[in-house]
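Structure provided below as structure tokens; questions to follow.
Each chain gets a letter, A, B, C and D, in the order it is written, and its residues are counted from 1.
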Amino acid sequence: MITAGCDVGSLTAKAVILKDGAIVASEVIRAKTKPEDSAREVMDLALKKAGLEMGAVEYCVGTGYGRKHIPFVNDVESEIACHGRGAVWQVPSAKTVVDIGGQDCKAIRVDESGNVTRYVYNDKCASGTGRFLEIIAEALDIGLEELGDISEHSTKKLTLSNQCVVFAETEIISLVNEGAEIPDIIRALHNAVASRAASLAKSIVVESDVVMSGGVAKNAGMFRALSEALGVPLRQIGDPQINGALGAALLAADKLKSGPPPPLRQAQCNARREA
Amino acid sequence: MIVAGCDVGSLTSKAVIMRDGRILNSALIKSKAKPWESADEVMKSALEGAGVSMKEIVFCVGTGYGRDKMKFINEAVTEIACHGKGARWLLPTAMMVIDIGGQDCKAMRLDRDGRVVKFMTNDKCASGTGRFLEVMARVLGVSLEELGEMSARAQAPITLASACTVWAQADVIAHLNNRVPIEDIAAGVNNAMASRMAVLANSVGVERDVCMTGGVAKNDGVVSTLEKLLGVRIKRIRRYDPQMAGAIGAALFAHEKAGGGLR
Amino acid sequence: MMEDFREVARVLNNRFVQKWKDEGKKVVGYTCSYVPDEIFYAAGILPYRVRGFGAGAMTIGDTYFGPFICSLPKCMLQLAGQGDFDFLDGAIITPGCDSMRRLDECWRKMHDDTKEHMPGFFFHFGVPHKYTEYSVKWFVDETRRLIRAAESHFNVAIKNEKLLEAIKVHNVTRELMNRFDEIRTRKDPPVAGADSLAIVLAGTAMPRDDYNRLLGDLVEEIGKSAKKLNGRKRLMLLGSANDDVDLVKIIEGERALVVADNLCFGSRFYSDLVSEEGDPVEELAKRSLAHNDCPRMYGEYRERLKKIKEKVATAGVDGVILQNIRFCDLHGSENGLFERDLEKEGIPCMRLEREYGPIVESGRMRMRIDAFLERLG
Amino acid sequence: MRRETREYNFDWMLWSAFSSASRIKMGTEKEYRTVLKYIPYFRGIAEAMLGTGEAGQKFIDCCAAYLDNLVNARERGLKTAITTFCFSPAIMYALDIMPICLEVLTVMQTLSYKRGTVEFLDYCNEVGYTETSCSAQRGSLGAYLAGVGAEIDMIVTDTPGVCDTNANAFSFASAYLDKPFFQLDMPPQLDGERSDDYHIGDFKGLIAFLEQHSGRKLDLDRLREVMREIEKQDELVAEIEDLARLVPNPLPVPFNFMVHGSRFLFAGMKECTAALEAMLKLGRENAARGISGLTGGVEKLRGFWCYIDHYTQSMRLWQMLDRNGICYEGNILSRSWAMNAPHVKEFGKEDAAYSLDLTDLDSMIRSMALLNSRMPMVKSIRGPYDAPNMWLEDNLNLARMYRADFIVYNGTPGCRNTWGMVKLMARDTEKAGIPTFIMYADAFDDRVESWEATQERFEEFLKVRGLL
């Protein structure tokens, strides 16, 4: 049985191909302006890696921000359901999933079979998301991949006061001007984002084991900061960024077991807003 | 007598060189991480163009976000006062100034002598600033100039959930994906911006003539929506680039402080 | 003396509190200037005004409170949840405003989760929003309810004569503070607004007898001081609660002085004497409800405006800064009215909205204040 | 504010829309189209209301009658008072004072005009009122502050102690417009002698205030007449609420709004009784046929709103519910606490309810004071949310009684009171086994969260939680 999951996020697009309960290929690319283009490209790459044709995929589930525009899915699921499912597959004892992606941050509680029992999104504003990290990394001219390592070298505790992403940038620049050390700033940045995510998670009551998913989990500094803010150890998963796509592929397999696939969904293209 | 004004803003840095109250040259660069570097560079470029050396500058006033960090200035004045002064020079009948810069927007009322008598700023949240427009222009894949022009062609402007720049961006992407014409989105973006600004302007009390300064003054979409919302005509500035208003004001202050009379 | 005050303003569990606790005595926290300190003084318990000062992260505050809430109570909860208020033996929450009253539930629920950091005595103290015969009656009952609860929890007796004595001691503070005000508003005063705030803060966080003694000495000394802070613009500070000396320092900078205020950690702490005659509980209740300095007493804006105009005149204020914490509706909107009505009288005003919490980046605030000072000439 | 907005009188605009709508008889399609041409943006609400037949028609008649009096208040010798919702206006009608309930007018305006109340919302900020405050009042308050509505004689609020943000709007208005101000203050406990005494003392104070500023004396017979009408209305509301317990629920989605609109603005008016009678009639007919009040006729889910329902423009929320076969079991603000209300009996909450005693002036004043202290918001969110008779208990009881499958919180970011405790409340209702959804939209301002985003998150909730 071959199924696929395609997760078109705000920053990246991800695809996972699953064969008889094992991942045969996965791929991550930067998202393009049009979600359908991202979807096609990432799926093609993943299929190529797996040495398969699209026709071989028996069921495909789309998820993520751009899910309604993926041209080749049989069904769509929300990221919440996918991240929950994916996390439980990777860590069967998982009870709570904290997913920090490019544009939002969510905390999800799941039961043993990966069904979502409660969830919350980030409230108020965009602080507490991967976007926050991106903007600052860009301002400081540091690659996203380096953030984690750099924060390891922090020696002094700093705090950021601004909750607004855009203003935090100014604040950070003024910290640099005042001679603060970059590692300390990055660490403070991690703590700020982690603290927002942690209060979100705590509001639905955190139960161990806790899994961190989403692209931001690849940042070791964030991983540690979140664990500290939550006050519990986090469970590491293979590639946290593909967790959503993996969940989608798993859900596709579930659906396939319960009946024949529906025809491909028409992507919503010209749904001009209702007047 | 040669004087200079230097305005280091959050996004752009500007410098104006003035001789006896006339602008010799000006320069505009993108601001760097360190304000003193921006100041040095923009001054250098303005001086070069004017064919003047730093030594010839009798007095220099610094303003803007990085005003306290510049090395070569004689005095620092806030951008509120400088924009007021600069606006009066750009539009001698101005009694009110609306300045939208990169990270904040301000509304001020002037007295007959061009002094700021009342002002309000918005700097709690990035929505409602030039930065907001930049982010939106990037998402729409158009230039800032185009963003301004496009809204004139809009049929049915969208309403933007404008509470947050970052989320408004997500909203714009969603509309793009739904194939909403880009003009309608652009108009929605400009409307959101203008209506935030209108609240600020109305709360200091609108008085004619209104002069718009700062980079966003060059966005005609915002300016004309603002006209509609405020119910006044906003005179388009021809005398000089309105984005330079702060630096011009600073130079005028320098001129006065160095003993030059008012022109 | 001044050093003591400055220290108490910076440290939550300060030396004086520690010493008090070491002597085996109790401390009860409260959140609002509408709680009569006298009751606890009479019981031999130290009343301590809970603050939000020094909270860095907001992990706990944001877990329980919703997103659109004033950050002052959030910071208080954060500190409580971090154990910074573990020295408290009791806490009293009042419905000062909607954000503050929810500290009651949020604190209790945090305790449900952690089983920690909640004092044994926890009391919701209902303060009416108006001064009438029946509201005073109700509030007297409420105060008696508080007294009974404290008596039974702490196993003490709060007798009338003790209360009368407490009222006297607290009136001494009020009178000393009025004298201090007179010094502070002199032409070239010897003391800056930042220190004035530290003095008030200390009053809410140390034993009253020690405080009166130190304050008496201080007033004596600076009354004679030859130090002159001259050539500065004189400002008045109105609006939301502020317990951060640094904020006043930023506002004052090099060129301004805060010479008067109408703040919660400010003149509201010492304005209005309590009558030393009659039933002490009734007199305390009357003073609280008649105390209309805070916009929570609805419909009394005109009286507040009048008081402020008087202060502007007596203190020779050049300009008024109307600040409020984001989401503080009470002060946020009243500041709009003050601005309109004071400007009408030719008194320059500036509104300033801010976030409560550590002040890291002060550039923006500085810019606006500088522009305001430029306007003052 | 745009110039053209300033040129139209706010109340008059509403009056012209509603009175045109009230002229739309069930008559011909042509007639209907013609009238709609004059009120283009009114279409959404007109269709939704009129879709319920006679009930909707009568309700719109009632709105029109009210607005007619408001627009002509001066000519008819009526005084005007700005009031809060969760305040029973009957006492005002008895004194010939037109209540102007800001929240309800905000809703009317949001429902009927394309730009909703945006300009008025902003106008309040422009004159110095804080931008983070509750949009429910700001929406129409702006019009009165700008002087484009009826002239105001006095200001009465009953939310101090319950919702300070709201009370604050009224005290701002009184200072800004320089008009007499009265507050009914609510102590943190609802029942018990102490609280009752307070409520009654306060209410007497209110009567004295109203008499003073209207120059009229409270007339015993007028009051009794109005209260008789309320008695009838309470009876009708109780029966309508009882019908909502049936599965499927025979009531159409908009009924809930009509019930609470009635109680906050039209209590004591004869037209209101007629509307409620028509609503009950339709409900009973549907019940007899065993059909759901939803347009599709099939009820898939039942939802209870633990705070305000999401109005915004064109009634989109309600249309979405209707489309999805979700039966709207009302919200906490639409519930009456009259002694005969079904939930009062069901949960033995007689001490938290009121009954009307028309024997003499004293008993009538006492009844009115208690009625007022038991208006929904004023009743349920004044004290700690988990105290007896407060938000949590009421929500759980009502949600269970109406067999709700899920609970939704919606408010406005200006609502300190509920945002301060909603996370805790949601935790508790979840613990009790009822999925709970917190909406981040503003019920009165589209610019906080777009409808598209709100809708998407709502549907996601239904799906992820396995409800639909």
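Here is the rule we go by: a contact is a pair of C-beta atoms (placed from the backbone, for glycine too) under 8 Å apart; a residue touches a chain by one contact, two chains touch by 3 or more.
These figures come from a predicted structure and were not determined experimentally.
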Handout entry: Comparison of A-B and C-D by number of C-beta pairs in contact, larger one
Key = C-D
Exercise for the section: For subunit C and subunit D, let me know how many angstrom lie between their CA-based centres, rounded off. Expected result: 38
Fill in the blank from the handout: Rounded to the nearest Å, the gap between Cα centres of subunit B and subunit D is 45
Practice task
Could you put a whole-Å number on the gap between the CA centroids of subunit A and subunit D?
Solution key: 41
Completion exercise
Expected list for subunit C, residues touching two or more other chains, is 63-64, 66-68, 326, 355, 363
Fill in the blank from the handout: Touching two or more other chains in subunit D are residues 127-128, 131, 423, 427, 452
Practice task
Note the residues in subunit B that touch 2 or more other chains, in rising order.
Solution key: 65, 123-124, 163
Exercise for the section: Specify the contact topology among the chains shown, as one of line, ring, star, complete or other. Expected result: complete
Completion exercise
Listed in rising order, subunit C residues that touch subunit B in their complex are 326, 343, 351, 353, 355, 363-364, 367-368, 370-371, 374-375
Practice task
In the complex, go through subunit A and note every residue touching subunit D.
Solution key: 78, 80-81, 115-116, 118-121, 123, 203-205, 273
Practice task
Spell out the part of subunit D that touches subunit A in their complex, as residue ranges.
Solution key: 423, 427, 430, 435, 438, 440, 452, 457, 460, 463-466
Handout entry: Contact set on subunit D toward subunit B in their complex
Key = 1-3, 118, 122-123, 125-128, 131, 446-450, 452-453
Completion exercise
The residues of subunit D that touch subunit C in their complex are 127-134, 157, 160-161, 163-165, 167-172, 174-176, 181-183, 185, 187-189, 194, 197-198, 201-202, 205, 383-386, 413-424, 427
